[in-house]
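The following block contains the structure, expressed as structure tokens.
Going by the order they are written in, the chains are A, B and C; count residues from 1 in each one.
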Amino acid sequence: MNGYVNGGTSIFQQVVKEYLSGINNANFASAVNYNYINSKIIPRGNDLDQYITKLTPQSFSSQGNTATTDIGGIFKTILDATDNNTISIFISDCIISPGRNNNPQAYARGQMTDVRDAIVGYVNKYQDLACMVYQFDSGFKGTYYDYLNTAHRNIDMERPFYIWVFGHTAQVAMLKLKHVPDRDFRIAPIRNQWFIFNTPLAELQPENKYGLLLSTGAQNGNYTRVNATTARGIQRYGEGYRFSFGAYLGTAEYLMGSDYIEDTDNYVHLVNKATKQEFYGVIEKDEGSTSPYTNIFRVESQNPFQKGPFTLAFIPKVPKWVEACNDDDDRTFNGSNNNKTYGIINIFNGVYNGFNSGNHDNILAQFDFEIK
Amino acid sequence: MAKLYVFGIGGTGSRTLRALTMMLASGVECKFDTVVPVIIDPDASAADMSRTVDAMTRYMEVRKSLDFNSANENRFFKTEICPIQDMSTFKLTLENTENVTFRDYMKTNQMDAPSKALINMLFSQANLDSDMVVGFKGNPNIGSVVLNQFSTSDAYKAFSNNFEEGDRVFIISSIFGGTGASGFPLLLKTLRNDQTSQHWNYIKNAKIGAVTVLPYFSVEQDDDSGVDSSTFYSKTKSALAYYDRNITGNNSVNALYYIGDSMPATYKNHDGGSEQRNNAHMVELFAALSILKFAATPDNEFGERTQTYEYGIDTNDEDIKQVIFKDLGSETRRLIQKPLTMFLLMNKYMKSSLSSQYKFQPWAKDCGLDENFFTSQYYADLVKFQDAFRVWLQELDDNKRSFKPFDEDRIIPLFDLVNGQKAHKIFWPLHDLFAKNYALMDSFLNTNWPKWNKTATKEQKFMELFYRATDKLTLKKYNF
Amino acid sequence: MEFFSLFYQLNVYGQDLFYHLKGWDNGMQDFVAANNQFPTIWLVTFFSALLVFVVYYYILNHPRFNKVWHWLITMAVLAIGIFIWSRGLVMSDIAGVSLHPVDPALNVSADNALMFGVYNAVLSAIFFLFFSIVGRFGSKNCKNSPWKSLINRK
């Protein structure tokens, strides 16, 4: 982390200050406690200015062991301090450091498992968990240790860092939507973000409306809408078969972003409890001014749809940008791995796995239809 | 099952029997279940007789297919008409009258001179020369000789053999004619006095009634004919005097009915044969009513003495030219008004509507009355009988006085059929308000009758349908 | 309400017209019961057929109006009446002058109105046929209309 704070005036510090002071301004928390974390939590009082100005490598190494950052362990530590009335914010470069480990890949996978276990442990105890993460770029000046723990000195470039927020879904949602919304980040733009939680959308938003569209209109498909959830006689449409339905996903859009909501990879076709199939089709915004829906789903198939129940589930996955930002070899900086984080995919997968562990799918919304 | 033997003597007898047949066919009530007509007329080819015999024969043919048990309400053709058992014909044949003159019949050439002289005194030359094949041409003096052979005839033997206790006899004759005037007393004498036939004792004690028809027609003056109607009244007078002594006077009949008409019709003067064909006259119809009256009188109402009756119609107009039902007495009306109307309605429907409707109407389809039925012998016989009925009605109409109870050729409105009688409009059920004329008859025929005998034959069902339908129809339309 | 629209499932008259008559509200993106015209349409069609049946068989019950073609004429009168009424109903919806104007999102044309008139006319004829078969045996003059009844009390 030292590379981000060296010099004292990095984007990192400014963004962090902007965010944390925004939280103070919103005045919704009864108490805010600032900490450093390496191998253990080091409290730093309640004064934000103090905290920010003291964000120095010296302060970091004053206590604890900075050599190995066991991200999995940190997640556990942080989540241990979180509960239904406590939001924890974790700011880090989230680089997995195998240290002098013989098998970095195995270590990375181990981290994934640790993160997963941290999530599962929390969920077992408190049931509800939301996990929000912002990705920013900041100037990095200093020594960079690659995954084989080789030092690279005098690095001066932009590197990503992450602000993680953990807590009860309703409260984290309020934080994101109301107290410190995205647009309050003015110093540096949010490069990417992810919001995952395990409270079904139906409990968060008053409207949980979804329903089949009429097959009138050129693109909806060729079928008879018997009622909102029953379609009959789905005919050929172009090269295959199609039917369309609309859904209200307004809250999800605010929380997760419309691109994420419209990514078909986040939806699966549940055949039965054991079998999931890829969702074939497209998702669009619903432009209709009077429409109660925010999105239109066009479900497609090469072969005729099987008669019987048809269920589409919204199971949010690790966003695509994580893969793009993942670096598995950070020994050289040749431009292609700028703005990437070594092993970040494991952390995100760990989080995802934590929400979808055991026999449990993190279904946030489900659309049930009957095909006749 | 007592029988009523009805002897119809001469032309009047035949015509009265014809009227009786028509009335029985239409279901007029007769208290005797079986009527046995016997026609006594030496004029073998008399047209009136042959028409009557035809009608009675056809009546029997039609009735053969009908059944009158308690499950059936039909009264058309109810009374049985049949000839004397063991006889195949209704006619009582007189022997030795064919192609034989009266002189030869009496075998005058075998008589001695005093007898011959007596014969010449009693009978005119014309009488003696007359050929008896056509009867006695209004000469009862001839008739009285020839008809004496009654009791030895085969027919009389058959009659007597089959006569049972409780059977009755009725005799129809005209008082002014030839055959009738002579035959009636002779027959009566035979019935009461004969002791050679088998059941003479039953016959002797049986109830006997007779109707004597007084003049009601005349014939045109024709010097070549042996019949002269100007003698009718004088002959009537002398015959009545005879009856006074020998019929009513000795109480040999239990009941004697008189009928005549003061305004006689005039017929063409034919002295017999197939040309003596007089149109039906209402007097004959009323004479036939006397038969029914006699049949309806219970035994205990007859006394020792002859009871005499005279018939009258109920109108103030002595010169009435056309008699309708309203002009008849209430008892007559009660008896014949409804049955004749019913029978006529049935006939009119059969002639006008049936052929176009039977393929469609439920009454025909449900009873299985199809083309086969309507081309069967039974149906043909019925139609022929009804044609004869219509002819009979027409003749009554054409005659003087005319009896025209029906405007029988009326097409629409159908139910103005009964002269002097206004038809009521039927308002309920509603659909009968819309159906008119023959369609209304269809509607009545289509009724779902209670107590319908499903096992009856088609012939029975057909008659039953029309009986019930016209029964209900005449009730609703005319309150008969 | 599903019962009434069952009779109109065969959408030869246009899918969109079916949606419209079932009460499609584009704002709600769903069928609204208050706009569902199928109950009214079905009831009028059904009871018209019943009325014509009662008139033909029991009120008029005419012995000269009981042949096959008379029955067909009666059925035709009923069908034509229902055709005119049904088509008119849709046309006034299209024109927007009725209580249930057609939503612009739906594609309903005069051809659809015509076909719906035909469809409903045929449906009324079917109802009439059904009543005829089931209820005619009490009609004394018309019980064999349009074909011989199996119930024979004679």
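By definition in this document, a residue touches a chain if its C-beta (ideal position, glycine included) is under 8 Å from a C-beta of that chain, and two chains touch if they have at least 3 such contacts.
None of the values given here were measured: they were computed from a predicted structure.
Chain-to-chain contact here is organised linearly: an open path runs through the chains from one end to the other. Comparing chain C-alpha centroids with the centroid of the full set of protein C-alpha atoms picks out C as the closest. Highest C-beta contact pair count among chain pairs: B-C. Averaged C-alpha coordinates put the centre of subunit A at 58 Å from the centre of subunit C. Put simply, the C-alpha centre of subunit A and that of subunit B have 121 angstrom between them. Per-chain CA centroids place subunit B at a distance of 65 Å from subunit C. Looking at subunit A, one finds that none of its residues touch two or more other chains.
Across the assembly, subunit B contributes no residue that touches 2 or more other chains. Listed in rising order, the residues of subunit A touching subunit C in the complex are 209, 211, 213-217, 224-225, 227-228, 246, 288, 290-293.
Note for the complex: subunit C touches subunit A at residues 9, 11, 15-16, 18-19, 24, 26-31, 105-107.
The touching residues of subunit B, counted against subunit C in their complex, run 357, 360-363, 365-367, 429-431, 434-435, 439-440, 442-443, 446-449, 452, 454, 461. Remark: subunit C residues 58-64, 66-67, 140-144, 148-149, 152-154 touch subunit B in the complex.
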